[in-house]
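In the two assemblies presented below, chain A is common to both, partnered first by chain B and then by chain C.
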Partner chain A sequence: MTLLQRLSRPWIWAWLAAALAFAATLGLTSGRGAGELAYAALSFGAFAAIVGMGQMLVITLGPGNVDLSIPATMTLAATLALKVMSTDPGTALLGLGVALAVGLGTGLANFALIFLLRLPPIIATLAASLIYQSLAIWSNRGLRIKPPPGLADFATGRFLGLPNVAWVGLALALIVWVVLERSVWGRWLLAAGQNLRAARLAGMPVEAVRAAAYVTVAVFAALAGYLLASFSGGAALNMGQEYLLMSIAVVVIGGTSIAGGNSNVPGVWGAALFMFLVVSMLNSYGAGAGVRNVLTGTIIIAIVIAASTRRPGA
Partner chain B sequence: MSFLARHRIVLPVVSLAVLLALTFWMQPRAMSYFGLNLLFNLAVPIALATIAQMMIIMVNDIDLSVGAFVSLVACVTATFLNDAPLLGLLILAALILSYAAMGAVIHALALPAIVVTLGMSFVWGGLALFILPTPGGAAPGWLRTLMTVKPPVMPMAVVAAILIAAVTHLLVIRSGIGTVLRGVGGNSRSVARAGWNVTALKALAYGLAGLFGVLAGMALVGLTTSADANIALRYTLLSIAGVILGGGEFTGGKVSPTGAVIGALTLTLAASFLSFMRLSPDWQIGAQGAILILVLTARLVFARRGGAA
Partner chain C sequence: MTQNANAPVVTLTEAAKHFGAVRALDGVDLSVAPGDCVGLVGHNGAGKSTLVNLINGSFAPSSGQVAFPGGAAGVRSVFQELSLCPNLTVAENLRISHPGLKGPGWRRPARAEICAALDAVFPGHGIAADAEVDTLSIAERQMVEIAIGFAPRGGQARLVILDEPTSALDAGIADQLLAHVKRFCAQGGAVIFISHMLGEIFEVATRIVVLKDGRIVAERPAAGFTRQGLVDAMGHVATEEAAREAESRPPPGAVVIAAEGIEARRGEIVGLSGLAGHGQAAALARLYLSQSSDWRAGRAPRAVFVAGDRPRDGVLPLWSILRNITASILPRDARRGMVDRDRERTVAEEWKRRIGIRTDDLSNPILSLSGGNQQKVLFARALASDAPVVVMDDPMRGVDVGTKQDVYAMIRAEAAAGRTFLWYSTETEEVCQCDRVFVFRNHAISAELAGDQITEERILQASFEMQEAS
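And now, the complex of A and B:
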């Protein structure tokens, strides 16, 4: 019974899938390169996990709530931060401040559109993202500014054997988990996602909760953009592109209910690792980009079907 | 109920008219056969993709794979349909059927459409890369002729837009099955109680979306003469925006085919509008966003006024 209960925990599936992909990749090399693979998965998975956790908070708010401006916010934050730093040493914190301010600004702008203009969140974040994208193009002008050396070293460096970016992602995961499970705000968020009207009638500040969720996702996206640009040696206009689908995919594979009112922090990390591992598994089996995408999509759908049929009544 | 609430088509029409008037005022030379064709040429595939998205939104789902699907169709059109027309047609028919199957599976297993279509967007994108790893291919001659035909009085793009709007209006608003399909979005349980098979209806709605997606991809190749695997990825977001801009809503089966076509035209025009203003092309994408927000704000203002009256 306990085993069955464990299996019915939705985040187990993401971790199982990640472990399977890990094992399948190593099966080819008969175990060589396990450390390197895990290290790479933690590095790249961290970015997906950070944006995924933000997206998770928004999706928890219930049907129709999703942030489509994540890629644009990532690009804008990274572009402006790198521009301010202009490769000068000792400006890393200044750049971080700029990136977080961009996140705060876009988050507030998104919520203003949703709250003041009563736009559906999908349309509000979509329309706003087009404007952020233009801002990024305008301020970037095709330049590729390198991050300051110290920051680049930090983003690609390691501490106690784990990549620094993974530490950032894990720390954020811990914070989000504690806030969701142990704080009043987390309870409010889940309640608002389960039944907005009931939560409002119970006297909860639902609009403040929604505002906080939309600001948090934007700040997380901005942070991920800042780290990703430092990690990969500069900002590019399409750097955030893949994170739109990625952020939604890791949330859903991680076992968070798309119907809202139910978050799952460990699942997001498991799914983020899985998304990287499945690509490297297919790569090591020599699959081309086309086959890789087809299989990735098929696996996403298979996991969603498995997760939905394994949870009767949940 | 206010006038605008009953006639949700008014606002999209007014927005397009205002934008068009501004464009003509900036650049009087655009007010010609050739100018209009140039302005709206690329709107034809976008309008078709918007109709595809509308079919999905009509049944309360959302399709994040439209862009990838249209790209895949474009790749098939520029390769198979050009080299081996029969095989090409078979592939396109299979794609439409798989869209219908996707709708049936989503309903039968009660899966979230947003996630399944997200997964499918990887599949479509992968297949497209598989067919055309590098940009290339060629448009079939007849398609090229069809897309560049010069009808009298009105340019092809305008004729096509009117045709698309008229056909889909008859299909979705006027026909019996269209009403039932909108009923699925309104209240699927009561449609089921009335004796309809909702799984089949969802498959039909998705199949129609697939059909219009295929038409969008073919029209696109007819205009661009070649294809690549990422050619239409931005259509996903554009099509959602177009449906909403045209007076549609995400729930309740409240959609307007004419509005969706007008929404697509407005978004296309918004992009070219700024180049007439001699502003930097950097802001073209942003202009689409700004116009989207402006029109929806106008809708809100009128809805409030209507509510107060």
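And now, the complex of A and C:
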């Protein structure tokens, strides 16, 4: 494969950008702290990657498809899971089950609004997220419940030098990649995103595909919420906030086509690392919050342009 | 308005329009003078719309000339596809084609002008000039569109082209229009009147022009035609070959599908015919959708679909040729939900060979193929499945003659092997290949023809409204 062909792969840009941000940060410290920085990027990037992969599946369905209820689903799943576990040892799997059930429920509810009431997904998921957030507030009542110690150790621990949450994110990435590239369902999703009517007329069960995508994004968000709450010592009502924009940004920076029909799993991970590294780079250069936001936005735009203009035929 | 009252409004000399290799209009001589009402008839694809578009300036002729001795002002077209802006009022729609209305308070003269025009053509119409178009019925919209065509609009209408103006109108309103057309022509206006309702043509036209395959095959005063003579002049017979082929196939078996008033038997090729836009494509799509599910896709689908409108209904544009071919057979060849990629390639290579898709590599993008080859891919997608029913929605658009013959042969072979084909076509020649034909008119089946009854004349008769405009 030539260099040009490599550059024409849209996900390479996210990884290049992540590597540059990494190098720029280390340039300031003359290489010290490289391991720590990589470890932190993998830890925090894992949460963005998990929600990003869910969002990617929905965005692949084509224009107008997006899940804006990710933050609320994360918060609700984490809140209910921690409440059920109530810091008791040995309840980690019970909590996981509750979190995943919450994700299943919100995913089905989102799709029901979209399918039965024919609401645009943006409206449906945004409106539903208000309900999920309210449920979280109502059930939480200001309490901050700590995760069970074993679970907290797992979420902050490491295996073979990599954070456990990163292993979870990598395993999910592998599964999503296999499903998209090799499975019948993945083909259906990609076809539906290119031309819904043509996919339907080719005999594909497009509504089932859409339903599965919306349920998957919610389950991924619930899992991310569960892990994030365990990682950070408890659920907070604003814990999902930054993942609304983050989930969409990592999909777009990662080279997935917003027009639908084209997914990019490696790009999501590269973009998730980049999103963490660019903030830590600007922090270490002493940029203030305002400057940081402006630069982050500018860099995102630059990468999206670079990735999309290099795509052949796009 | 004109220097010479008797000079023709428009004169076409050897006018031709080619789209690539397709000769939509192949050298037409026509002259329309003030006071003429020309009835223009012909089958789908005969070149009527192209002729209209040459006269109204939408197309430039590929060769020959379109001349307006008195200038092109006052030449108007009223289209069957409603071209009003639905979010504007009736009066505001007049403004779009009347640049003279401007300055503050332009709505008042606009209201007055459109009301006068509507009153002139359709007395007692009951349409308010301030009504938004999307609150009007289809018939009322058509009336507004016609009235705008005849309105002065800062000058005077000299030639009005009416393309199927009455298809949305009931008989009483249509009569008002016909009466107005006669008045308009008596006062020195010219009209080109396109209709599939032959009764109307005979009522208003002073002269009838018959188009076939882009040429004028007959042009005579209306009195010189009989109704049957007109139908004969439009059509041509090409059924003998198809009839011979049909004999070599076994007789059809049990009924495999019965929906939308269409019934088809095992091994039968059933045609849907009639004029374009009379509900055939919609009926086929409904029929196919009722045979498949939004929620499940089994290993053995009951029906497959061959799209004719490739970008809208068929092609998955980001994918390779290979993936486009196998789109409908994924569940059948899958193992535990995973695509069997070796088998997928084998199937695709086999169909590339059988149907002759011109490409070096099936991994090339589908959009690298020409339209005809993309259509072959869609045929391959359907035929590669084991579905007993194949639904085809005018699948031969943009397909060259050689490929058509190949595909006809393949369809007959598959039918002989027991498959059922439902085939909508706008080309009568293709319909004549079928064992049985349902002719559609106004979204309903107007005739069912079988065997020797399937002739172009019979199909045309069933397609056209034969009764008098009462």
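Everything below uses one rule, namely that the second predicted complex is superposed on the first by the 312 of 314 C-alpha atoms of A that agree within 3 Å, B and C clash if a C-alpha of one lies under 4 Å from a C-alpha of the other, contacts with A are read in each partner's own complex, and residues count from 1 in each chain.
Basically, contacts are C-beta pairs under 8 Å (C-beta built on N, C-alpha and C of every residue); 3 or more make two chains touch, one makes a residue touch a chain.
In this text the structure is predicted, and so the values were computed from the model without any measurement.
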item	value
Clash or fit (per the criteria above) of chain B with chain C on chain A	fit
Touching partner for A:A191 - first (chain B), second (chain C), both, neither	second
First, second, both or neither for A:R292, with chain B first and chain C second	first
Partner chain in contact with A:R182 - chain B first, chain C second, else both or neither	second
Which superposed partner A:S129 touches (first chain B, second chain C, both, neither)	first
Chain B versus chain C as contact partner of A:L162, first or second or both or neither	neither
Partner chain in contact with A:L237 - chain B first, chain C second, else both or neither	neither
Chain C versus chain B, contacts on chain A by residue	B
Which of chain B and chain C A:L170 touches, first, second, both or neither	neither
Lowest inter-chain C-alpha distance for chain C and chain B in the superposed arrangement, angstrom	5
On chain A, the residue positions that both chain B and chain C contact, one per complex	none
Touching residues (chain side chain A, partner chain C) in the complex	182-185, 187-188, 190-191, 194-195, 197-208, 257, 261-262, 313
Touching residues on chain B, where the partner in the complex is chain A	62, 64, 109-112, 114-116, 118-131, 133, 237, 240-241, 244, 250-251, 280, 282-290, 292-293, 296-297, 300
Residues of chain A touching chain B in the complex	64, 66, 68, 113, 117-120, 122-123, 126-131, 133-135, 137-138, 245, 248-249, 252, 258-259, 288-298, 300-301, 304-305, 308-309
Touching residues (chain side chain C, partner chain A) in the complex	285, 288-289, 292-297, 301, 304-305, 307, 312-319, 323, 327-328, 330-331, 334, 337-339, 341, 365, 367, 381, 385
